[in-house]
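I am attaching a structure below and will ask some questions about it afterwards.
Should a chain be cited, it is by its letter among A, B, C and D, assigned in written order, with residues numbered from 1 in that chain.
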Amino acid sequence: MFNCRRKSNGLCLSIFIVAAICSLSVSVKAQSETIDSTVVTDTNLVVAAPPTSVIASEYKYDDAEALELSWVPSIDDQLVDGLVLAYRVYRATNGGELEMIEELTPGNNNFTDHDLSGDSSYSYVVAAVTVSGEYSSNATAAISPEREWLNYEKKWLFLIALFITSAIMYFIRTARKKKLFVRKIAGLEAIDDAVGRATEMGRSILFIPGIQDMDDVQTLAGLTILGRIAGTIAEYDTKLFMPVSRSLVMTAARETIKASFQTAGRPDKYHDDIVTYVTDEQFGYVAHVDGIMVREKPATVFLLGAFFAESLILAETGNSIGAIQIAGTARPAQLPFFIAACDFTLIGEELFAASAYLSDEPRALGSLKGQDVGKALAMFVILIGVLATTIASAWHVEAMQTVVDTLSSVFSTK
Amino acid sequence: MKRQIPLFITFFVGTLLILSVFIPPMETLGEDFTLFFDIIAVFAFFLGGGNLVRVHVTKLMKRKPDWGFSIVTLVGFAFILAAGLFKIGNPGDIASSVTAEGSWFQESFNYILNPLQSTMYALLAFFVASASYRAFRAKNREATILLVAAFIILLGRTPFGMALTAWIPESFSIFQIPNLAIWIMNSPNLAGQRAIMIGIGLGVVSMSLRLILGIERTYLGDDRA
Amino acid sequence: MEHFAIWVAAFLTMGIFSFLYKDNAWYKLCEAIFVGISAGYWFVTLFWDNIYGKFWVGKGDDSMLYIGAFLGLLMLMRLVPKIGWISRWPLAFIVGATAGFYLINYFSSNVMRQVEDTIMPLLGPDYSAGAYDIIGNIVIAVGTFSGLVYFFFSKEHKGAFGATAKVGIFFLMITFGASFGYTVMSRMSLLIGRLDFLFGDWLGMIK
Amino acid sequence: MSTRLKEMLVVAVMTVFFVIMYWGKVDGWMTGFQFSFGLSMTVVALIVVSLLVILYLTLQGKMIGRRVVFLYVGISVTLPFFMSLSQQIKISPEVQTLYDGIAELPPGSVVLSAFDYDPPSAPELQPMAESFFRYCFNNDLKVIVIGLWPQGPQQANMAIEKVMLDESIAAKNLQYGIDYVNLGFQTGNEFVIQRMGSDFKSMFPTDYSGTPYDELPLVKNVKNFSNIDYGFNFSAGYPGTVEWVQVAVDRYGLKMGAGNTAVQAPQCYPYIRSGQLIGILGGMNGAAEFELLTGTVGKGTKFMLSQSFAHMIVIAFIIIGNVAYFRGGRKRKL
C-alpha cells in the first residue's frame, strides 16, 4: 500500500495509522450522511491540526465590499487524504459573535468574502472539520474593506483604448483640413442606385433596422445609415415604409427620418405612418414583415442592424419578390445568408463604417482612418506575438519569452 | 437648445460609462443602465402598443383591404392583455402567478404563440434549401470556396458523410470528412471569425465615439421640427 | 378542451406552412393572431418582470429605479405634441449609455481578447504539436492577419496588400461556408420538431 | 378546373385525412405506421430517381421552381419518420470529452444546469436535456436548474417529467428539493451570472413554484459557484454559453460543458480549444451521440435519419443548381 523504503519509516508508519483511522471514519461518514460534529465515539476520535497563519487582507480594486482570506491548510489535510472533511469560515462583524459564512472543500487555502461594507470591521476564524469535530484557528485581526478609486489591473485596457480613441479623434480633426482616402465599399456604392430603381419602378422602399432594441449598437448603426439615405429618398419622392419590432426604435426612427426629410427640404413628405410598431416578438414580427413584403412588393429592401435567425426568412422572401436587397449585420452567424440571398452585404465592421462613408462628412470619414490604426496595431501585435512565442517555446530564447510575457500581460483580459 | 441638451446628455452619459469600467465604486453603472433601460422600454411600449392599436383601428374605420384581419389582431391584443394584466382566466386567486399552469395566459402561449413561433422558425428549413439551390453556385473562386466548405460541413455532420470516407487509413484520418469538418471549424473558420470580431470591435469603438462626440446625431431629430 | 387546443395548434402550424405555397387568407389570419397576441404577451411579461417585479416585489426603495421611471415618463411626453421634444432626453441617455457601455465592452472582448488568443506558439509548446495542429495554428495566424487586411479602409486593395486582402476574403468565405453548413443542420432539426408535432403529437402516426 | 377549386379540393381531402387519423389516435386503433425495410428502400429509390429526373430536366434547360424544392424538403424530412432503416453514429471528440467530464463526477456531486432556450429551439436541445437528466439521476448527481430565458425552466420541468417515467429512475424515488431543484427564471442576462458569483440566493430568493431558497435542502448550503461541482448550459443564443464562459468559467472557475443548437456551436469551438469548455453537444447530431454514450435511445437518435435525408436533399439541390449554372454558362459562350 505504501512504499516505505526511505529512512522515514516512522513517518510512514504514522501515516499508515492515521490512514487506517481515517478509513474507519469514512465508513462512519457513510452511515451518517451529514457532517455532524457531535458524533464522537471512543474508538475513532479524529483529531486534526487547525489551519494556521490565517490572514484577512484587502481585496484589490473593489468598492469596499470584499476581503480576501488566506490560510495554510491543516497539516493533516496535506498529509492524509480524507481526514479533513471541510473547512468552515466564520466571521465576526464589529467584534460581535462568530457566524459560519462558508463551507469549503478540503485543500482550499483561500476565500473571498463579498457583500461586506466599508463601515464595519470583520475578523475571521477558519476551522478544519473532521468527523469528530471542528478545530479552529486563531481569529484574525479585525479589518475593514477599503475602497479603491482606480482599478490598476485594467490599466492596459485603459491605455490601449485611449491610444485607439486618440487615433480616431486625431484623424477626425485632421480630416477637417485635408481629404483622406477611403476605399470603396461595394454595397454602399449600390445604395443610390437601389433608391433610384425604386423610384423608376414607382414602387416603395422597405427599411428593416434589425430586431434588437436601442441598447444594441447595431441598431444604432442601422438608424444612422437610415439618416443618411432618408434624405435621398425624400428628394426622389419615393415611398418609404419601416415596420419595427421595438417601441423605442420606432420613436428614434421617426426622429431620424423627420430630421433627414427636413434637411433635404421636404418636411411635408414626412408622416408618422412611415414607421410602425409591429410586435417585440421575433417571429411575430417576421410573419408580419413577410406578409407585407409579398403584398406591397417593395423594389428595394434594406436589412441593416442586428439580425438573428430571421435573416434568411426575410432575405429569401425579399428575393422571391425580386427586390434589390442591401443587407448588413455584425452577427457572423447570419452573414452567410445575407451573402446568399442579398445583392450586397456589409460584412461586420463595414456596417459601422457605412454611415460615416455615406455621410461624406470629413470628420466621420476620419474616424474610419482611426479604426485602421487599431487594426494595424492588432496585426502588428499578432505578428510579433506569434513569432516571439513560437521562437521562445521552440528554442527557449530568453529575450523572446520576455516579449511574450509582456504582450500577454498587456493584452490579458482575464 | 432642443438639440444641445440631448447632445450633452449623450456625451456625459457615454463618457461616464466608459470611465466606470476603471473606477471600482462606479463599476455597477453598466448594470444600473440595463435596469433603466428595461424600465424605459416598458414605458415606451405605451407608444408602440398605442401605435399598433391606432394603425389597425384606422385600417378598420377606413375599410382598407384586409380590414377584417385587423379585428383579429385587436381582439387578440385585448384578450392577452386582459388575461395577463388582470389575470382573467387564472386558476386560483389574483395573487397566483400569471404563468400558472392552466391560466388563459399560459395556455395561449402553449397552444397559440408557441406553435406559431416554432413554425415560423421551421420555415427556415425550406428557405435554407431554396437559397442553397439558387445562390450557392461556383460563380467565382470565392463562391467556390464557400460552397466547398459548406459541403464538407454538411456531409461531415451526418452518418452518411462518415461512411463515405471511412476507407481512408487511420494515418491520414484528417482527410476523413468528419475530421476535416472539425478541422475547418477549429482552424480556418476560427481565423475568419476572429478577423470579423476584431473588425467589429474597432467598428463599434469608432461608431460609439462618433455618437458620443455628436458627429452622428440624426436620431435626435431636427431642431426645427 | 385538450382536443380543441391541439387542433388550434395544428391549425396555426399549417396556416404558417401554407405561406410556402403562396400568401393566402389562412396565413393572413395566422399573422393577425400572431401579431396581436405576441405584442400583448411581451408587454405583459415586461410589466410583471420590470414594473411589478422591481417596484413592488423587489427592492422598491432603490432610488435608481425611480430615475428609470422618470426617464420613462419623459419618453411619454411624446404624446403631448408641444413638449414632445423632451422625449429626446431619454433617447439621448440611452444612446449615450449604449455607446459608452459597448465601446469598452467590445474593445475588451472583441479586440484585446481575440488578439491575446491568437498569440500562440505555432509549433505548440516545446514542439509538442502534431503536423495537423501546426498547419492549423499557421492557418489561424495567417487567416486572422489577412482577414484584418481585408477590412482596411484607408488603403486601396492593390499589389501585395491586395493579394493579402484576397487571401483574407478566402478565409471569410470558409467561415461563411462553415456557418452555413452548421445552420442548415440546425434549421432542419426545427422542421423535424414541427413535423413531429403534426404527425406524432397531433395525429399519432409516428410509432 | 380552376386553381381555386383545386386548392379547395386539396384542403378538403387533407381535412378528411386529419380527422380520420385523429379519430384513430383517440379511439386507439391507430398506433403508428412503420414501413418495412423493403418499402423503405423503395421510397428512398423513388426519391433518388425523381431527383435524377430533375437533374435531367435541368440539363435540358428546364429549371424547377422554389415550390418543388420546398416539397422535396418536406418529403425528405417526413418520410424517414416511418422508415425502418438504421445508421451508424460515430462519436466526435468534443462529445466524448463532454461525456468523460460528466462521467468522472462522483455520486452526490452538485450539478448546475442553465436552461437558456425556448420552445422553438426545443427539437435540438430537448433530447439533450432529457438524456442529461437521465444520466444525472441514474448516477445520483444532484441537479439545480435555473434559466436565463423565460421559458427555460419550463422546458426543464418537461424534460424532468419525461425522465421520471423511466423505470430505473422512478425506482429511485427522487425527491424534489433534495435530489433536484428548479430555481426558475431571472431577468438580467449575464448580470445574473455575475451576481450568482457572490450569492445564488440574491438572484433566486424562491424556486420555480415559490418555495423560499432556504427551505430547499439541496440549495440551502449552496452559496455560490464554489459549491457547484459542474455546470451545464443548454443554449440557443443570447444569453447563453458565451456569457456563461465569460463570467462563470473565466471569473469564478466553474467547470462547464454545454449543449448548443447547431447554429450556436461553431461560436463555442474556440472555448473548447482553450479549455474553457469541457466538451460540447452541437445540434441534433450531438444529441444523438450523447444518447449513444449514455446508453439511451431518444428523439435525437430517432430523428437523425430525417436529418441525414434533409442534408442529402440540400446537397442534391446545390449540385442541381450548379449543373444549371454551368450549363447556362456554356450556352453563353457558344
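Side notes on the structure shown:
The definition used in the following text is that a residue touches a chain if its C-beta (ideal position, glycine included) is under 8 Å from a C-beta of that chain, and two chains touch if they have at least 3 such contacts.
Just so you know, these numbers come straight off a predicted model, no measurement behind them.
Chain pair with the larger contact count among A-B and B-D is A-B, by C-beta pairs in contact. Relative to chain C, the most remote chain by averaged C-alpha coordinates is D. Our note on geometry: chain A versus chain B, Cα centroid distance of 17 Å, whole angstroms. If each chain is reduced to the centroid of its CA atoms, chain C and chain D end up 19 Å from each other. The geometric centre of chain B is 4 Å away from that of chain C, both derived from CA atoms. Residues of chain B found to touch two or more other chains are 18, 21, 34, 37-38, 40-41, 44-49, 52, 113-114, 116-118, 120-121, 123-126, 128, 130, 132, 134, 136, 146-147, 150-151, 154, 157, 185-186, 189-190, 193, 196-200, 202, 204-205, 207-209, 211, 219-221.
Shared interface positions of chain D, defined as residues touching 2 or more other chains, are 66, 70, 73-74, 77, 120-122, 187, 262-263, 266-267, 270, 283, 285, 307, 310-311, 314. Within chain A, the positions touching two or more other chains are listed as 157, 161, 164-165, 215, 217, 220, 248, 251-252, 255, 277-281, 283-284, 287, 309, 332-333, 335-337, 339-340, 347-350, 353, 368, 371, 374-375, 378.
In the complex of the two chains, the chain D residues touching chain B come out as 66, 69-70, 72-74, 77, 87-90, 92-94, 118-122, 187-189, 191, 194, 210, 262, 266-267, 269-270, 273, 283, 285, 304, 307-308, 310-315, 317-318, 320-322, 325-326. Considering their complex, residues 31, 34, 38, 97, 114, 117-118, 121, 125-126, 128-130, 132-134, 136-139, 147, 150-151, 154-155, 157-160, 162-163, 178, 182, 185-186, 189-190, 193 of chain B touch chain D. Contact residues on chain A toward chain B in their complex (touch as defined above): 61-64, 147-151, 154, 157-158, 161, 164-165, 168-169, 172, 213, 215, 217, 220-221, 223-224, 226-228, 246-248, 250-252, 255-256, 258-260, 262-263, 267, 272-273, 276-284, 286-287, 309, 312-313, 315-317, 319, 330, 332, 335-337, 339-341, 347-353, 355-356, 361, 363-364, 367-368, 370-371, 374-375, 378. The residues of chain B lying in touch with chain C in their complex are 2-3, 5-7, 9-18, 21, 30, 32-33, 35-50, 52, 66, 69-70, 72-81, 84-85, 98, 105, 107-126, 128, 132, 141-143, 145-154, 156-157, 174, 181, 183-202, 204-205, 207-209, 211-212, 219-221. The residues of chain C lying in touch with chain B in their complex are 5-6, 8-10, 12-13, 16-17, 19-20, 28-51, 54, 64-65, 67-69, 71-73, 75-76, 78-79, 85, 88-107, 109-111, 114-115, 117-118, 132, 135-137, 139-148, 150-151, 168-185, 187-188, 190-191, 193-194, 197.
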